[in-house]
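Presented below are the structures under discussion, each in the form of C-alpha cells.
In what follows, chain A forms one complex with chain B and a second complex with chain C.
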Partner chain A sequence: MRRLHNLKPGTKAIVLDIVGNSTLAKKLLGMGLTKGVELKVVRNAPLKDPMEIEVRGYSLSLRKAEAENVIVEVREK
Partner chain B sequence: MDFVSELAVARYEKIGEIVGKCVERVEKPKTFSDIIDTVVTDKYVGIPIFLALMWAVFQFAYSVSAPFSDAIDVFFSWCGDIASGIENSYVASFLSDGFFGGWGFVLVFLPPIAFVFIALTILEQTGYLPRAAFVVDRAMTKVGLQGKSFIPMLLGFGCNIPAIMATRTMEDDVDRKITIMVNPLMSCSARLPVYVLFAGVFFKEVAGAVVTSMYLLGILLAAIMATLFRKFIFGGKPSPLLMELPPYETPTLRSVLMNAWGKTLIFLKKAATILFIGAIIMWFLTTHPWDATNGGELIENSYASMIGHAVEPIVKPFGLDWTAGVALVGGFMAKEIVVGTLGMIYGVGEEGVADVIPQHFTPASALALMAITLIYVPCLATIGILRQELGSWKWTAFVVAYELVLAYVVAGIIYGIAVGLGVA
Partner chain C sequence: MIRVALAGNPNVGKSVIFNALTGMRQKIGNWPGVTVEKKEGVYKYRDVEFHVVDLPGIYGLTAHSIDEKIARDYILKGKPDVVVDIVDASNIERNLYLTMQLMEMEANIVIALNKMDLAEQKGYKIDVRKLSKELGIPVIPTIAVKGVGIEELKNAILQASKVKREPYVRYSDGIERYIELVKSKIIENSILPNYPPKFVAIKLLEFDDEIMREAGIDGEVVEKWISSVS
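Moving on to the complex of A and B:
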C-alpha cells in the first residue's frame, strides 16, 4: 500500500482510497481525487513540500501532510 | 464518509460523461506554461526568482506609488496653508490641521493600496500568485502561517495598511485572520526614522546593526505570535493548500485596473471614515485645552500631553520619562511623529532632537523606546484597516491589547538585558 506523499516526480498512479480526517477528505474528493482516478506526480516545491500533481487534466498543489491521506497504486515510473 | 465518496465519484462520472461528449483531448506537447513552471518552481532557481519578483512587487507598490502620495500630501498641505490664514485662529487650526490635515492623512494611502492591488492582480492573472504560495509554503507553515501569507507580510515592511488589505488574496478565514493580526509587527517604513535617530545617537558604530535587529525582532515576534494564535486561539493546522496551478495567461489591462480601483474604493468607503474621525480626535487632543496650548501651539499643555504624563509611571521602569510618554501618544497618529513630537516638547524642532535626547535617554532606555515603537499599538490608520478587514471591533481591540502587553514585556526584557550587560 503506497501513499501519495511518498511518490517521486514522474510517477503515475491510481487512487485507491482517501483516508483520515473527513473535512480534508471531502476537499480532496472535491478536487477530483476520487477512487480510480489516474494521477501523475509532476514535481515537489523547492523546499520539498508541497507537491504538484496532474489529475483530470489540471495541475493541483497539495502539502505532503495532505497527500499522506491518499492511498494509491503505482502504475508506472 | 462512504456516501460522500460515492457522491464525489458519481459527480465526476457525470462530468466525465459530459466532457467526453464535447471535448476532444489530445496528448499535449510540452506547453509554454510547463516550460515556465519548470523554471519558476525549480529546486535551485525557484526561490531566487521568487525573491526577485517579490522585490519587484515591493518596489512597485511603494517606490513607484510614492510620488502620487507626495503630490496628495503637498496638495492638502497647500489647502491647509491657505486655511491657516483665516482670521479666527480656532477655525484656522481646525480647517488646516484637522480637516485638510485629516484628509491628507487618509488619502495618502490611496496610491500604495492601488499599486499593491495592481501588482497582486497582475500576479494573480498571470498565474504566478499560486506558484509563489507553492514555493514558499513550507517555510511559512513553520511559523503558523501559510504560503499565501508571505506577500502580505512582506508588504508590511512598507506600510501595514495595503499589507493588511493584501490578505484579501487568502481564502481561508482563520489563516487570513492570523496573518492580519501579526502584520502590524512587521516594521513599516514609518518606524524607521525613530530607529535611525536613536540608534544613530546612542550606538554610533553599530547603528546599522541595531536598526536591522529591530526589523528581525519584529519578524521573530510575528512568527512567535502567529504560532501561539494558531495553537491556542484557533486550534489546529493551516488550511489545506489544495489549489489549482492554472496555466499562465497574459493579464488584461482593463481587469487589472478594475480590480485595483475596486479595492481602493473599499478603502475609501469603509476605512477612510474611521481614519478621518481618528485624525480629528488626534487634532483635538493635541490642541486642547485651547487656551492652555496657546491656540494649539504648545503640545506640552495639551490633553495628549496629559495622557503622556499619565503613561510615565508605566514606562518609568525602562528609564523613560513623560517626554517619551507624550511622544508615544503622538506616535499613535503615525509612528514617525514620535521624532517630531520629541522635537516639539524639547523646543528644538525635528533637526535639533539628536543633540538633546542624550539628556533624556540612556542607551538602554533608547533600546526600550525603539522596541516599544516597533510593537506598542498599531498606528491609527492600521487600527482603521484592522477594523475593516477583521470585520469586528472585538478582534481589533484584541490586536491592540496583545501588542500593548507584548511591547511592555519585550521592552522590559530588552532594558533588563541591556542594563545587565552594562549598556546603560
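Moving on to the complex of A and C:
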C-alpha cells in the first residue's frame, strides 16, 4: 500500500482508497479515481507538483496535496 | 418558445455545437453576479423557436466550483425544457459521469455524442442504439466541426421537448433502500419541494454542503434518519 504521490513515472497501480477531507475525496472520485480503477503515472513536474496520471483513458493532473490522499497498490513498474 | 441548455465537459465541442445551432443569432453576457461568460442564442426549427443557453464546461455537478454551481442552479432552478448533454465519444467513460449526474437531476436529456470521427480513429466501436436504450435517453452521433448530425440533433431536441422524459438511475438495492428512506422523509417534511425528491435524497446521502445548506438540514439529521435502516 502506497500513496500516489510517491510513485515514479511509468508505474501502474490500482486505487485502493481515497482518504482525507470529503470535499477533496468527492472531487477525486468525480474525476474517476474510484476504488479498483487502474492508473498509470505519466510524468512528474519538478517537486512532483503537479503530477500527470492516465486514468480511464484520459490524462489527469493532480497536485501533490491531492495525490497524497490516493492510496494505491503498485501493479507493475 | 422551447428553452434548451447545453451541458458538457470542457473541450467536448460545446461551443461548436452552440454555434452550429444558433448561427449568428447570439448574445454574450455574464451570469448574474459572477464574471463567468454566459452565451445565449436562438434558432428556429420547423416553425418552433428555441432559446439556447450555453452552460460552463464542467466535469460534474457537485457545486464545488463556481462553474459547477452555475450549471447546477440553472438546471434545477431555471428548469430548461431540454438539456443537451454533449459527450465526447473519444473519452466516453469520463464524460458519462456528468450524464449520470444530469440523470439524477431528472433533466430532460438529449445526448449529442460528439467527435465520433476521433472515437473511430481511436478504434472505439460505439453501439449508439444500445447506449440510448440502456440510458433511456436519445443519443445523436455528431461530428460538430463538420456539421454532421446537427439536423438530427435539432430534430431530437424538438421531439424531446414534446415528451418530458425523466431518466432514472438505479443503484444497488442497499443504496436504493437508503435513498427511499431519505426520500420519504423529504416528502414528509416538504424539504426543497421544487427539486426532484430523489435527487435531494441522493445529495443528502452524499452530505452535499450546498443542498444541506439550502434544505437547512445538517449531517446529523441525515445520520439519524438513516440509522433506522439496517
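Following the convention adopted for this analysis, the second predicted complex is superposed on the first by the 74 of 77 C-alpha atoms of A that agree within 3 Å, B and C clash if a C-alpha of one lies under 4 Å from a C-alpha of the other, contacts with A are read in each partner's own complex, and residues count from 1 in each chain.
Just so it is clear, a residue touches a chain if its C-beta (ideal position, glycine included) is under 8 Å from a C-beta of that chain, and two chains touch if they have at least 3 such contacts.
It should be emphasised that the depicted structure is a prediction, and the values quoted were computed from it without experimental measurement.
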item: Touched partner set for A:Met31, first chain B, second chain C, both or neither; value: both
item: Partner chain(s) touched by A:Arg43 [first = chain B, second = chain C, both, neither]; value: first
item: Which superposed partner A:Glu66 touches (first chain B, second chain C, both, neither); value: first
item: First, second, both or neither for A:Asn6, with chain B first and chain C second; value: neither
item: First, second, both or neither for A:Tyr58, with chain B first and chain C second; value: both
item: More chain A residues in contact [chain B versus chain C]; value: B
item: Partner chain(s) touched by A:Ile18 [first = chain B, second = chain C, both, neither]; value: first
item: Set intersection of chain A contacts, chain C complex versus chain B complex; value: 22, 26-27, 30-32, 56-58
item: Of chain C, residues touching chain A in the complex; value: 59-60, 62, 64, 91, 93-94, 97, 206-207, 209
item: Touching residues on chain A, where the partner in the complex is chain B; value: 18, 22, 24-32, 34-37, 43, 45-50, 52, 56-63, 65-66
item: In the complex, chain A residues that touch chain C; value: 22-23, 26-27, 30-32, 56-58
item: Interfacial residue positions of chain B with respect to chain A in the complex; value: 1, 4-5, 8-9, 12, 25, 37-38, 41-44, 46-47, 130, 133-139, 141, 147, 237, 240-246
